[in-house]
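To keep things simple, chains are lettered A, B, C and D as they appear, and every chain counts its residues starting from 1.
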Amino acid sequence: MVESEISGTMDTKRLETLVDGIFAIAMTLLVLGLAAPQISGPLTNAAVTNAILNIIPNLISLIISFVLLAVFWKIHHRIFKQIDRMDGTLLWINVIWLLFIVLVPFSSTLTGDYGQFPVTHVVFNLNMLGIAVLLFLNWEYATRHNFILDTVDKAQIIFTKRINIAFTGLVFLAILLSYYIPSYAEVVYLIIFPLEQVLQRL
Amino acid sequence: MVESEISGTMDTKRLETLVDGIFAIAMTLLVLGLAAPQISGPLTNAAVTNAILNIIPNLISLIISFVLLAVFWKIHHRIFKQIDRMDGTLLWINVIWLLFIVLVPFSSTLTGDYGQFPVTHVVFNLNMLGIAVLLFLNWEYATRHNFILDTVDKAQIIFTKRINIAFTGLVFLAILLSYYIPSYAEVVYLIIFPLEQVLQRL
Amino acid sequence: MVESEISGTMDTKRLETLVDGIFAIAMTLLVLGLAAPQISGPLTNAAVTNAILNIIPNLISLIISFVLLAVFWKIHHRIFKQIDRMDGTLLWINVIWLLFIVLVPFSSTLTGDYGQFPVTHVVFNLNMLGIAVLLFLNWEYATRHNFILDTVDKAQIIFTKRINIAFTGLVFLAILLSYYIPSYAEVVYLIIFPLEQVLQRL
Amino acid sequence: MVESEISGTMDTKRLETLVDGIFAIAMTLLVLGLAAPQISGPLTNAAVTNAILNIIPNLISLIISFVLLAVFWKIHHRIFKQIDRMDGTLLWINVIWLLFIVLVPFSSTLTGDYGQFPVTHVVFNLNMLGIAVLLFLNWEYATRHNFILDTVDKAQIIFTKRINIAFTGLVFLAILLSYYIPSYAEVVYLIIFPLEQVLQRL
């Protein structure tokens, strides 16, 4: 790499553009999980209404995934407001992270289509686990290799680390719940919102 | 959030990038509602012509949704030309708003495929209602919490508010019309164009 | 509009972002016209090879549409390098133009799937006609309403106008050829490349 | 072109935006190759688990393609950090390159669906060949026509050239391996990572 050859680092701007693009597309592709219903039998307003009601589980999956993607996007932005250069390793941590982001429309559609079966929620939450672990690695690597801006104080660094650990913990909880209450396993992710408030005050 | 920790606000630029991306994709994904026709029976130029003509209702749905999305995009731009920072609440108002934007290709395809049934137009217009209400909340929240730029005068604030209320009113009218003239319910949205001219002169 | 209220014009930057986004997506969605083949009968390397060869007409449609979209993207960029503000009418000319751009993956897939039938090429070329006419209107409106930058000399304005007229002429030729040599009708668009060179030297 | 008329060159910024957009979309569209499984027979957790396991070959194809696209994106960025203007020929080299990028979700899905057959890997690797050759042409053309920034030293120019040649070599190796070990042919691309390190030290 040109930058590597010179200083071992490169700037993060183009990566942020790619991240924004992939998030915008992944969030919009979720809608493909809501396939327009194929109605068999006579076409009536009642039949169409019924077909639409059958899509509700898919709609719930879409809403959960959309909100989670927005949370990840926000966390990533916070991280990259505090980083302005990276090396090849940090770039690849982010590329693998994006790979898990790209899989969300698939695992989301899976829980929408076959949400009554635990395995689909395990797959969805393993997808979340990949995202959480790479977000954690991203921050760990960036802090250990001094990619953090000088303007960022220690309290902020610890706060971001805690958010990442808390989220990873929630994912394990969700994987566990997938076996007992599959259809509601993802509800635990809502805890991230009050948790963020609490962690900020520690 | 870093910004929240410091001042309780964050800048709006990255949100605008996400909004632009999601709009570009949602507007383009509308074309997936025009599935290339599956022709059963002998393949002739007449059969293909006929299959293409059958797509016309889907094309009309696409045109309506495309123009409406362009209107929302324009309104959102106007709003965010007058706002340059936001807090977490305003961010989430916008994320939920984007969720409704992402649903448009689905509800548009629904009216294209089964437009003769009132329920599909009710779904489409409930989708529009979500968009209208969140656009209204966006502006209300921004004005009440002083996120508006000082350069924006009072007349402009009131104009934007009136546009939002007018649009919400049109949505209710469209929902009502969905029961009586389903296939033409969305025509009422055309009123937004002369209405905007009138409101500007008040 | 805020800007309209003040000066009757608005800047073109966000429109250019939307245009770039929609082009990137429309150009990439063309690939959906190359559905992975569904093979019936025994799965062998020969059967799969045959299924892939059957996709060649779709690949040709994709290439033609991709190159044409790149041409339109380039023309639009040239136009908006010479314009830096616009009014509501110019905005809507561009929105309707984008509507025709969004339709390209559909009409392209149509010629790929049923290219032996003239009607599909007529549809494709009518799509091109919409694009050509709106590009022409775009430039006409911009020049007549003085939206062109002062740094643009008269020769350039006339050159752009001639390109637009030439392209519209080629579209009419393609529509005509759709009836006689459907599968080769779009070849006439290749003339745009030498034609551009010629017009530049006039 | 306006710019051509004046100086024979144009700036590369808008092209970079288009490239970033197309990469973000192509990388995300890969997920469509993981169609939510259609389960025939009784719906049980075991049946759904089995259906998900059947997707693993598609997932492997997705991962390979995603990582390769990230590699191409990175190479393209390095190239365009060293170029700041281009002419029409260089633009079209890039457009044709993007055409091959757009085809990746198709050829990737093909190896995912029918990976046991050599022909699918040949198609995938021919797609890679197109990408590699155009990346090579891009750099050759840029260096020969003096589009490289003065700040780029000779060692860097040679390094980029070697990477391009090395990658083209790997593609030929992959095409060859497609006939003998189809399912593992793409593994050779992993060599690009250590190879890059070696070439950098030459």
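Some observations on this one:
Everything below uses one rule, namely that a residue touches a chain if its C-beta (ideal position, glycine included) is under 8 Å from a C-beta of that chain, and two chains touch if they have at least 3 such contacts.
For clarity, every value in this text was computed on a predicted model and none was experimentally measured.
Superposition of chain A on chain D using C-alpha atoms only gives a rotation of 90 degrees, nearest 5.
Of all residue numbers seen at the chain C-chain D contact, under half occur in both copies; the interface is built from largely non-matching residues.
Measuring from the averaged C-alpha position of chain C to that of chain D gives a distance of 25 Å.
Rounded to whole angstrom, the centroid-to-centroid distance between chain B and chain D, based on C-alpha atoms, equals 35 Å.
Of all residues in chain D, those touching 2 or more other chains are 20-21, 24-25, 29, 32, listed in ascending order. Touching chain D in their complex are the following residues of chain C: 20-21, 23-25, 27-32, 34, 36, 39, 43-45, 48-49, 52, 62-63, 66-67, 70, 73-74, 77-78, 81-82, 152, 155-156, 159, 200.
Per the touch definition, chain C reaches chain B in the complex via residues 1-5, 14, 17-18, 20-22, 24-26, 29, 32-33, 91, 95, 98-99, 102-103, 105-106, 109-110, 113-114, 117-120, 123.
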